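To keep things simple, chains are lettered A, B, C, D and E as they appear, and every chain counts its residues starting from 1.
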């Protein structure tokens, strides 16, 4: 705590710039770093409170994550973005005790959307389960309506881990509801060899494929899909399976591949332009080398914005000074990302507005679908809202089970 | 030890043993017996099948034909550790000590079969386990004393010179207090004086404990001096069997094995 | 001259059989225990407990377990991670199914589950040896983790597929769960380590340990002198897996708090393997030293450059750290292939002769 | 009951239902098996010739591939880049011998194994410092296209890999069995000290072997890199090669190939037909179980040298 | 050979420039175990020199110091020097030594288990560059010396008997066509007839091909019969040396190494246990 000057807001960064997931980790880490840097350079911090940050390398490894967490905690961290499902799971119980909130944007434990049980964990704007439901809705729009889903054959190719399996319950539940046929195909970690999975695809000939992949698994799957001759525009990744790192190695074959998205890509957004201006001094080439505008980079920018805005929100209540973990938590819980605010932040259209509440830490934000054009990604759908009436009860059930097992009394959100 | 007080009971009887490896007939219909309390030597040229014979006796090799009777019990096949339980101990031609362990531990391993406490007691190192350990340590110390290897008690055996290793190996076999002791070239690589010591130990074991001994050795002076009866093998065949003097005089044996002696 | 045994006579075999027959060693050990039990808790902060000491002790338990199997009984195993997972999942199942069961006892029972599975995967060791045996243990590694990942029953069908340490207390003190204080968890791990290290030491210096080493050094000769190979090897597998199982339980319940199967992946097995090789195969003390080396060194390497004020990019510093780590491993092996334990011994031997060179 | 049916009835009906597809599964299995063999081969070479289980083989594959891609990104023409990388692998072998192996003569297998783990860390670190951790596309002109033939799908990259592997294995197997150097290599694996005593220069032997293993790693790196992109995950391919290695026998060059084929076919058939009954992703552990089953009958692997047990 | 003649050749050889000289070397294992405490010896060109001594005296260590195999056992020469053919050889690798014609037959056989007997023999010819024909000829010669090996040539060395392995090890060294052989306990485990044969081979090679020998041997009787000169090692020091004949006459040598008490050879049965060895030191 002592190391932080009085007027600094410290943002810890758990990054993975090395190891098997580095191709994904690098743009994420750069995005955070650049957004924080830009805030200091452009605005002089948050309402005059400078942003400070420090990276700690986790190699995407839970055990190294512990060390990083403790180290950065000791330096006055007030908000963690773990960027690894494993580390998130591990920090969720600690958050409550250490009084440091966790923001796992679009990953981690879906049940944490129930803010009454997971008071200290946030996963807005949306979750895996919501995402799966938007995928089903997207297929419906392509097939001509939800009622046309009956008889459609969807395959879910997933990373055989807790993360990869997340979408399964939702897809199952919706399959029951809408009558599409669901085939689940698991791919073992790390996924460099997927012949068996794609043989099954060849055999079963699904109409659509949804993929929950990560790292090398995505690249190989896209290549295999190409060589199997699967129509790429019917192959949709989740938002962790749709970045440049996944499509580039497959070359031209990847054209037409789709994925879910939480935000826009490219550099045409005012906020990204600000970064190029303030961080890279307008040097586009340098910016491109640092992956500015790539999917995962922009995701980190969005994520960085959430953290900063949470602090700003908290400052609105507690005064313009350095916020504590508890205050940041309040800020997160009362975060209101309105269209006006997005505009002010240079992110209009970049993502959709939402409002967090005590009960709902997810907000059931909408998801868009984007397609790979060979150079970049392009939105090919509107923002699709999740099927909340199916997802939310599942969330509450899971949260209740967790509360029971861990002897947590849900808070009353009034 | 004179002929009269040697008991004539047969401790071990080997009948019609044949053993082959692929094309090599290592043993071919070999029969002989070993009386209780005697020192029985097996000699023969290199590759004659002597070590293989010992391996058959203690169950490491399973002969294709023939049977072995030990203490009146006839068997065709058995597992080596069963043989050990019945009271057969041995030393090896290529030293087979436990290299990572100290001399004392090697000898204590020889007493393994006699130790019974379960591992839970041992983990606690209390009560019966501790008593037992002490009691066997004493027995092991007697062996160490007997073989005069006190100074190297705690030395890892891998570091010992060859001759001492052989002695430790003998100690390990003795620690088991066997009824039948099989020795495979116990004196190879020793100088005269050390051979004298080794002979002394062998004779003492035989004498004081009444242990029956089967011995393979290439040093004829040793064999002729200390053994009661000698079996001669020659590339799988039994060439001769009898007292040292008889064997020494046998022309076949001289041709096949002894050559002209220089003494 | 300060370290010598001259003049220290032992009048009983018992005294001679003591773990530390030399008085200086006994003092040293007492000092170590004093530091671990009293000094460290007074001084350490949460970072030290949570990032350094607790994992160190837990790894040390697993390393002792693996050392029993690999270092003493000579059976190469790469299934440590899986056996640890069994301990962790068994603890989770037990303490959620029987919330009132004493948590410390649950840890021990979980160890027995691991032991049972260890025996099953140890059976091939009768026929398969050396590096080939590693395959049997790798089969265990991959199969068991797949099973825990696949079968929802193991994680109580919760949708996230992970297990989380529920809060459990003993005599009113939280032992596990997020509220359990780091100091408590520190003492629990240290307590387990002390007791289990002592028990392991007792085992390896007695009959059981000798049979293990005999099998390791020369299995044929061991069998010929009456050591039953199957029984001895299976016992090693059982006891080793027991240690790993308990370590695995502590791993989740006293350290990580929550994990999925990936926490126990093959790299954990490798890591424990590194510990015992660097520490010294066939040495209990070495297992602990190896665990310390492998856990502390990277932390040290990560924290040094910023401490002395050299700012290096995160990835560069990680890579450099890896390289230094690799170089040090090679360096230590060249300096002393038999590990830190042996180095320590040689140091003592030199001390004994000091000031004479030999 | 349903499970029983899924295990004992349905898969067979499935196979009978579409024999062409079954054939396709088998052929895919054979082709993926060859890809594993390429990596296993590097292990075999080093083990056979020095008794070292080289943990760093995966890192060598990565290192070679990274260097090749890195050079190509700098604008070096393909052929020259390959030659330069090959040269670098030889230099690496010399360094390894100089800094590591010669100081560890006559040590036990497990110690040498550990040393290669150290090497593994070093190579990973150096490779990534030099060339970064990003995914890179590797294209040296090996065609990577699919075509359908007799109702089955083939990929030209897989076929090329099979051809290359066949050539490498034949050459190496002949080399080991019929040349004086091959004999010397096997002697070294048996007993370092005795090999020294008859004047076999351990140092140059090791340099040769590690160089060849480095070149094999380069070939594996090229093929795998073309297939999945060059990135850190290439290191993990070693895990796929382990069951192959074990099943074929650590000491057998042909074993690496046959083992690869058996594992490849076994795991694909099982995953495709039996995977669904078990919930999928069973090929990972199945490969090990299959290897284990073979070992129960031949403890030295299918073609490994017999383990000599004598007293 | 009469004692007189031996003394003469031995003496003459000593005077000639030695092929190998070891000057006052000290050897330490594992950085702490001091084994040789200053050993010096010389082998004349074309001579046979015996190295005698009890178990653990340091014979093997001395030979390994010469052939530079110590490094592989974590031992090192810390003092003194070793010269052969007029140059320092302390730092030469064993490969270079073998090329120069110095080869060691290691104690305890050390065959390559997985190679066949013939392949084992062929590894001995690794350093030779004089063509297949010459090597084939040497192989013939080895088979001529050891007919048993011819019979077993295709079996894996690991499965041959102890004596067969010993023959293989010696044969392997002969295949290198050496100038000097360091023989460590060649007679160990060999049948008496064969022991004689081995020493006949030694003397044969020595006479016909001028091969020199440094042999560590426990069978003192035979060793001193064939060697011209002998050194006796005790506890890492040379305690006595002299030509073979004089050693054979020495009372102590007679008693401790030859087992000849004043009254002639004594039966092993009659050795008394209280007798303790006399020490030279």
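Going forward, a contact is a pair of C-beta atoms (placed from the backbone, for glycine too) under 8 Å apart; a residue touches a chain by one contact, two chains touch by 3 or more.
Predicted model only: the values in this text are computed from it and were never measured.
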Of all chains, the one whose CA centroid lies most distant from that of chain B is A
In whole angstrom, how far does the Cα centroid of chain A sit from the Cα centroid of chain C?
37
What's the distance between the Cα centroids of chain D and chain E, rounded to whole Å?
45
Chain C and chain E have mean C-alpha positions lying a whole-number Å distance apart equal to 48
If I count partner chains per residue in chain A, which residues reach a count of at least 2?
17-18, 22, 26, 160
Spell out, as numbers or ranges, the residues of chain C touching 2 or more other chains.
146, 220-221, 224, 315, 319, 322
Which positions in chain B are in touch with at least two other chains?
51, 60, 92-94, 96
Checked against the stated definition, the touching pairs are A-C, A-D, B-C, B-D, B-E, C-D, C-E, D-E
Quick one: in the complex, what on chain D touches chain E?
105-106, 180, 183-184, 186-187, 189-203, 251, 305-306, 308, 310
Can you list the chain C residues touching chain D in their complex?
70, 76, 124, 127-132, 134-136, 138-139, 142-143, 146, 150, 220-221, 224, 266, 270, 274, 277-278, 281, 315-316, 319-323, 325-330, 333-334, 337
In the complex, the residues of chain B that touch chain E are 21-22, 24, 43-48, 51, 93-94, 159-164, 185, 188-197, 199-200, 203-204, 218-222, 225-226, 257-263
Contact footprint of chain A on chain D as seen in their complex:
18, 21, 24-25, 28-29, 31-32, 35, 128, 133-137, 139, 144-146, 153, 155, 224, 227-229, 231-237, 240, 267-268, 271-272, 275, 279-281, 283-284
Which part of chain C faces chain A closely enough to touch in the complex?
45-47, 50-52, 55, 96, 146, 149, 156, 158-162, 164-167, 177-179, 255-263, 265, 299, 302-303, 313-315, 317-319, 322
